[in-house]
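If you scroll down you'll find the structure; I have some questions about it.
Note that the chains take the letters A, B and C in the order they are written out, and that residue 1 is the start of every chain.
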């Protein structure tokens, strides 16, 4: 059974990110930076109607705009569009200006149809049906255990709540997009993607080109968070434009489009009832949730990572429970998997009701968690974290903080899978001059994949990371799975390690050098003569596993006159198996927490019920947390090297909003039951609406 | 509303305007008047440029570059699409995120909200123009050492904002770093380390906020 | 953006001539270019006014300070003298946008900026302010909108500077039809009270030249409440100014922003403070008068308690500010 090296100099070190220098100098070429010879600009015309029958689209005038080389329809024939922003057509031209003018020249003949864009409206009958053949609200799935109605009567305390979360947009800073060149030689696509192979296969299928004629490249990309799998409609359009124009077409989406059409996290509307014995042991749980994944919801569509379903009762086990979940369709862009799909809202609702229970039973919230948490790892994390955070000193009975600005504390726990994909491959090449190349068709979204591979190769060969050339993001390289589910490290690291250990063994065998590592390396490689050594590797059992916990604590202060919430501190205790690269791992934790802060306090997609448009398709009114909004962040990584590499990207964003929401409730003595907890919502919870009676 | 007093001039001739609203110091006023008078006599300088493409000269990272662009082309677009200077990124195109930050005569601005035609006659510095002879600047080195970057898409913008801050104020407080970086967004989560990097480049080391503890050692 | 011709005006007289019927002045460009990118504004000519001589100075005088319309917000923010003499204005400037915006945005542009209402700014919604039939905010999403208006449009004035300048009795010198007009801040925005399509009282071709600040020995302060800590529009902004002698206040003004189509002040509230002891009970009475007749909509009632708090805090700040 393979094992990570006992002596690790680079694995687990604070080595800096391999691609740091190219990123800080602007030398790194992202998908949006790639400019093949003769490239054209591509742009999409989108529906400005939330629901309409598209009768005819006339591209003639667009094609006559100077500089325009091609124009295509998104789909032929009459069709129905079901959200503001759905693709209608696309153009390619010599400049952005030509494309803008061409879009304005496209004539669209439509019959607008009735639409519905809010969950509460869509649930009611009769609401306009998003999908004609099914009602907007799906039939609930029901999951029952024990006898929940009887169990409630046995409880010493029963608490209820109704909690909602908003639709959150991924908003990676680099938009979705591709530069595609489609000619007789095949299809080459530079793609901003989390899965070069998913783009390759998607394009091959959509364009009806054999997979071996499609190459996808993604050297550097600016974030995905779950939204960038497959070529997307925009990738197919770029390819078709390229074929029609006879030139590469770069089609990157704008921020406006990012807010409409390339994914989001579904909303939730959670009605929860929880009962327990006097000592806090959970006994009865009733849960009803609906939410929307846009047109990806309701009776007619599939879920698949973007689903509305939550995990209830999240990390806890309750012997008597009834869980009912449904999804409601609205005329809005479909959801897509978004960093820990389903989990932040699940954790938020569950940890909120747990805190209400703690208050009712007059138990310490952390003690209540420890009592009911089935995971030994998490229980230890709560104890360690509570002490480090200063829980005992900071905790006060809810709402008892004096003064206008009230402080409060809260906590929450998470679980995640991660784990490795057994199909991951890699290739190591050792050159006669001692230089090393490691290749893998995986991606680095900013997660540090490139660096992990270099550290592993360095430790295997006894070299330094800068002696390793890591090449990723090309479907010509050995297969790497999509970067999702926090599985990349656990997939790619074992594969790269396997390739390197096999390469080392082969080098030693071929050259007769018994230990070619470290100081012996140059001489051993020289013995290769003129032939480099190329060794494939694949994922091996024993180097990774799955299943992590994680807990977070938050301290907030709330200005009860302005409703402004400031997060003072977040303490995170997280396990992730073997830490391969400390710096990149810690940065992932920062990132997950910051995303959670946005989810808790600022981010929501706002739909207008009368016009059906997205009202905040920009960063002015869809608000991301900024440097000035940062709390003190305290991170403890629990090193569990015996578990191998697991993955950390998602678990660390799950409990943040839950902890912050609980801290706000603790500060105020009342619950702000909806995320994001904007000043308007905080003041409403305090009864300070100042509005009409 | 009140009509301005008669001595301020009923009809505003150019010279009368300059006399009333020009710089108070007489010498400076005279100098300005001379310079402006010279310009005023040159009818070309108030002419309309465009709407079609016109010759535009940009000074980018100390190089003089000539282009033919429509007036509606932004500086960001000129840099990226017409000059291949792709360090500044297009993320929002609406002056909300800072990824397009460049220095105009040393001052950080959003290049997405400056027309290329307006940027003529100014020294434009992009992230590519910072490192000399392949050596990272102290700010760039600090970003790498503190891991103040992840996907890196926001990084050129942050590097420009922090560089401009430290050139103006070599010893900023954390509050001043927040103000300088308030116009830069990141989605991956680099903010805590951007702060550390900025302070490090200013010679201030900060405590680490992370610890690795062996699980086996916990009770 | 639509195609346009670009010209640089070298004198205030030629600026409106270059503008024609279909042009817009280009100053910092943050507001204008944003409108143009959404096709809300489609001028055929942009007249760059940044080269107009003498408009980029802050001039200190014993009786009057003059701030040229082309002075950038950053220059206001960094001006040491301003921090002392007109602290409220400096505080208001420091909260405008981000540093990158303040480095190019100008005083004139900030005062003249157009509505930030998300219906007005939505490229595919043709609202009342844009010349359509409906104020969608009234029955729609209005959490950022006005508590006071004289017409159907409830898009609030958002200029931080306008609020601070109103509290300081500033005047704005505007060139209109070749003549110079002096307008109070109230006059500068009055048209937006009655006219739904107006953002302020400026007509096509009007050129803001400078702001005049009378030196009156008053202290001033400015605060705003937002959703984020920095680089965020105000939910409510408030400026206060007054002469403070001992524990009493006179010549006091309190002005609210982001809650009315014009900078909001109530004379009775200002009169109430004359000669009184400056304390919290007085501030609360003032707030009551300022907010009397506020008409919240479905989503913006929360602004009322915020406004009350900001009025108290800015007034109390006068006790200690320069």
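In this text, a contact is a pair of C-beta atoms (placed from the backbone, for glycine too) under 8 Å apart; a residue touches a chain by one contact, two chains touch by 3 or more.
Computed from a predicted structure; not experimentally measured.
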Between A-B and B-C, the pair with more C-beta contacts: A-B
Label of the chain whose CA centroid is most distant from the centroid of chain C: A
Whole-Å gap between the CA centroids of chain A and chain C: 40
Chain B and chain C: spacing of chain centres that average the CA atoms, whole Å: 25
Rounded Å distance between chain A and chain B, as computed from the means of their C-alpha atoms: 32
Residues of chain B whose C-beta touches two or more other chains: 70, 72, 93-94, 178-179, 182, 184
Sequence positions of chain A contacting 2 or more other chains: 97, 620, 625-626, 628
Set of chain C residues in contact with two or more other chains: 1, 3, 229-231
Complex interface listing, chain C residues touching chain A: 1, 3, 116, 118-119, 122-125, 136, 139-141, 143-144, 225-233, 235, 294, 296, 298-306, 308-310
Contact set on chain B toward chain C in their complex: 1-4, 8-14, 17-18, 21-24, 32, 36, 39-40, 45-52, 70-72, 74, 93-95, 98, 101, 104, 107-110, 113-115, 117-118, 161, 178-180, 182-184
Chain B residues touching chain A - in the complex, by the definition given at the top: 70, 72-73, 77, 80-81, 84, 86-94, 96-97, 99, 126-128, 130-131, 136, 140, 143-145, 147, 149-156, 159, 177-179, 181-182, 184-195, 209-216, 218-219
Residues of chain C defined as touching chain B within the complex: 1-14, 18, 26, 29-30, 33-34, 36-37, 44-46, 48, 50, 53-55, 57, 59, 68, 74, 94, 97-101, 103-104, 173, 175, 178-184, 187, 201, 209-210, 229-231
Partner chain C, residues of chain A touching it in the complex: 48, 84, 97, 100-101, 256, 561-564, 566, 601-602, 606, 608-611, 613, 615-616, 620-621, 623, 625-626, 628-629, 678-680, 683-684, 688-692
